[in-house]
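Two complexes come next, and they have one chain in common, subunit A, joined by subunit B in the first and subunit C in the second.
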Partner chain A sequence: MGYVSGLKCRECGREYPVDPIYVCEFCFGPLEVVYDYKKIKKVLTRKSIEKRPKSLWRYKELLPIDGEPQVGLNSGFTPLIKADNLAKVLGVRELYVKDDTVAHPTLSFKDRVVAVALTKAKEFGFDTVACASTGNLAHSVSAHGAKAGFKRFVFIPATLEQSKITASLVYEPNLVAVDGNYDEVNRLCSEIANKYKWAFVNINIRPFYAEGSKTHGFEIIEQLGWKAPDNVVVPCASGSLLTKVWKSFKEFKEIGILKELETKVFAAQATGCSPISVAIKQGSDIIRPVRPNTLAKSLAIGNPADGFYAAQVVKETGGYGEDVSDDEIIEGMKLLAKTEGIFAETAGGVTVATAKKLIEQGKIGRNETTVVCITGNGLKTQEALAGRTAEMHHIKPNMDAFEEILKKIGR
Partner chain B sequence: MKRRVKLTFPQQLIKEPIIFTMAKKYDVMPNIRRARVTDTVGEMVLELDGTEENIESGIKSIREQGVEVELIEGDIIE
Partner chain C sequence: MAVKVRIPTPLQRLTQGKEEVEGKQGTVIELINDLEAKYPGIAERISEGGKVRRFVNIYVNEEDIRFLQAEQTPVKDGDEVSIVPAIAGGEHQQRRDL
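And now, the complex of A and B:
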């Protein structure tokens, strides 16, 4: 039996039954899953969670499913790494990296949201799942969908890099490359989603899909020893992850798992696509859409569906929003790799570089506990580093040549 | 047909009767559901009802005037 009491419009508060719907019929506001926390409080405790398998489903009462988990049984519970080397470079006392570069099965946090979306799609009785994606979401829907036995339609812009196409095609979904500019592809997919009775994970299943992001936040709390950090830095594309990390913290407080909650939530964006951080910095309630121009492709959402709500969370918690240039993103990726041994995709570079900036600005205190959310693996965006990494040493096959190099290195 | 859209108005267009003019000129019926306006920018969520051709022409015309027209779902390519 599930613990969901229904869906509710985030704008006007109108309530709806649990169906594959995503906007309010009256005000077109987005719908959000509502739970019966009184019931959950009786069954979900630190002890009951600790006894369960280490996957995102250990928090299942706070996820929008009715029955048992069906998809992504090994997803989630990624490491929370105490990043002492990075902390030293950035000049802070206590820093942690929530590391979704090793998410199962496709190495990004999308494995969390898709696990929840496809379990819900099964419960709704869909036989086909779909998404529109430039990378991480396509990989996760293709992989999770294969294991779960769904027919899969994955739409991509025809200009997508070959490496990203291959990483989806290997799972043999129906991969549809659409000619046309970004807006045209976006609109076509929206029309397809409205016409066909498929589980389009980030459209008609979106209220349920998005809830999967909460597990990133639940794990942070549990892995910190059932404590909330002073600060959390979250990368923003649609803004959904940030709102859900905050929702997860509040839910743990609501059901008594967390005693105190005074976390500040910070939004990280690339300057080339920064509608949310700009609105935060300007103190505006309106998110102005932009044309993305950044190498952080996985964050390049110019018209973010949850941008307003993300900005509200930042405001509510006393956090802030910042953005960083492409050069800073690369430096952020390299810094994380050489200090902590974690190779994150460009979005990870955004988060690390933004955290650095926020620390330098004094927005994040040097004596506080901070968590940075790293959402995807660097092997997916290797082209971003072409010509920007350290160089290798090329030698002839003899000892003299090798020792010449050793001298150069200074050993 | 009906299309749900989100419009963002820059400061210089906030006081202009953009929607009314489009509705009259292209025979498109706007049904406004939600709006937020600040000193510098306005946002409106509405449904447009009309023939596909008229809706397309109407959207093109307000875009040319400087209004940003986007999907109500936000960008869905993730």
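And now, the complex of A and C:
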């Protein structure tokens, strides 16, 4: 009853049945889900989507499940905010923020991918789910997994911010802090995944998990009134989100929901971890691994799994890649908060600051429509702003003290 | 003395279970083609049309050949060549100081 015809190697095209596998046995390329678009076209239309509940599952035919959704029934369908105040500061006509800071239940876009991954894990019959994470994924696997009744193993780099650790522990998963960076945690998890029959959402479930990111893109199109933007700016860690946002646009075109598609896709990274934007700027097909050094920890993947494909999408669509310093990231976070009232995590600062840079460079046109993808909530990484926010006013409990302050503020 | 070539687990079926085999000096691509003579089927797993596959990393003395002379990187007797599947883009990256 599903719409998935199988898995296919992105490199050599070899086909595989739908199984918890992720790498081509022959050439080691990544596997991707293949759909029967002709069949989907008959059932998925603007009208049929609009009648459904406001969650990411309203696009379920384009997600890799066989039965009905089982996890994250309230996830997705986050607001697309028309960001007029920010547009004014940046000097562009039309700007939108796709706001996954309010994703349900753990306030990042990972709630989308995990909803899909855990539904698939149920279909495969796993009783344990696991992940390697820089934080947001840990929260989402812990929370969605608790609600869905899975045993959970969550592996994080031990250097993660305390607030992100607490926000996992509250759901009582088996949380394992590993002495090493994300790439090292991932490597360990690949070994664990070979030995234990668990659903590692970003390893053996990856082809299915990654598809969940498309819903971020489907929603952008729907919320723009079934139109594609001129530009979309996407933060890159592994590069997967960027490739999937583009895939979602192309799929809507493929099944006739979108009439026209001329979107340019832009990659945003932190300069302290910018293997993808550097390759794009150099016009190179080679993603040179780096050792991450940035306060945008949720983007700190030095050896990005989908880096090559992300760079290809950028090239194919006529977009560009840029990266920004830690200071620019902080300024980006503050700018989004004080203009649009949205407190994004550091990755959001990366995206806003990169968009600003691309506009100043003329890479993003001032008269065009641009969407910036904001993927996680700032309340999770407050440490990043310590000592870098505006100061509060501290007074004695009397009117004189207060009016003294008012004079200083200049009102 | 020959070139030492380290074979990853998924390809050891083609080398009769050997983790390390000997290769001939020349360039990396010549080395791969020479391995094919001894271990039929191995070359197409590693390369296609004279190019190393995107998700296979090859290191000569711990340095990624993409940052040397790629397929034309020279290898000589005594050198160590490692063949390492990237596994979905590098999550199995070889342990080395970046």
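In the analysis below, the second predicted complex is superposed on the first by the 402 of 411 C-alpha atoms of A that agree within 3 Å, B and C clash if a C-alpha of one lies under 4 Å from a C-alpha of the other, contacts with A are read in each partner's own complex, and residues count from 1 in each chain.
Note that in this section a contact is a pair of C-beta atoms (placed from the backbone, for glycine too) under 8 Å apart; a residue touches a chain by one contact, two chains touch by 3 or more.
All of these numbers come straight from a predicted model, not from anything done at the bench.
Peer 1: For the three-chain model obtained by superposing on subunit A, do subunit B and subunit C clash or fit?
Peer 2: Aligned on subunit A, subunit B and subunit C clash with each other.
Peer 1: A:R291 contacts which: subunit B (first), subunit C (second), both, neither?
Peer 2: Only subunit C is touched by A:R291; subunit B is not.
Peer 1: So which one touches more of the residues on subunit A, subunit B or subunit C?
Peer 2: If we count touched residues of subunit A for both partners, the winner is B.
Peer 1: Based on the superposed arrangement, let me know which partner A:F28 touches: subunit B (first), subunit C (second), both, or neither?
Peer 2: A:F28 sits against subunit B and subunit C alike.
Peer 1: Examine A:P157 and indicate which partner it touches, taking first as subunit B and second as subunit C; both and neither are also allowed.
Peer 2: Touch partner of A:P157: subunit B, not subunit C.
Peer 1: With the two structures laid over each other on chain A, which partner does A:A305 touch: subunit B (first), subunit C (second), both, or neither?
Peer 2: both
Peer 1: With the two complexes superposed on chain A, say which partner A:T375 touches: subunit B (first), subunit C (second), both, or neither.
Peer 2: A:T375 sits against neither subunit B nor subunit C.
Peer 1: Should A:N186 be classified as contacting the first partner (subunit B), the second (subunit C), both, or neither?
Peer 2: Both partners.
Peer 1: Between subunit B and subunit C, whom does A:E11 touch in the aligned arrangement: first, second, both, or neither?
Peer 2: Both partners, subunit B and subunit C.
Peer 1: Output check: A:S75 vs subunit B and subunit C. Expected answer is one of first, second, both, neither. What do you get?
Peer 2: Neither subunit B nor subunit C is touched by A:S75.
Peer 1: Just to be sure I follow: which residues of subunit A are touched by subunit B in one complex and then by subunit C in the other one?
Peer 2: 11, 22-23, 26-29, 186-187, 190, 203, 206, 238, 286, 288-289, 302-307
Peer 1: If we count contacts the way the header does, which residues on subunit A are in touch with subunit C in the complex?
Peer 2: Residue positions touching the partner: 11-12, 22-30, 183, 186-187, 190, 203, 206, 238, 286-291, 302-308.
Peer 1: Mind listing the subunit C positions that touch subunit A in their complex?
Peer 2: 10, 45, 48, 53-56, 66-67, 85-93, 98
Peer 1: Where on subunit B does subunit A make contact in their complex?
Peer 2: Touch residues, subunit B against subunit A: 4, 6, 8, 33-34, 36, 38, 40-43, 45, 47, 68, 70-78.
Peer 1: So in the complex, which bits of subunit A are touching subunit B?
Peer 2: Contacts found on subunit A: 11, 22-23, 26-29, 110, 131-134, 136-137, 155, 157, 182, 185-187, 189-190, 193, 202-203, 206, 237-238, 284-286, 288-289, 298, 301-307.
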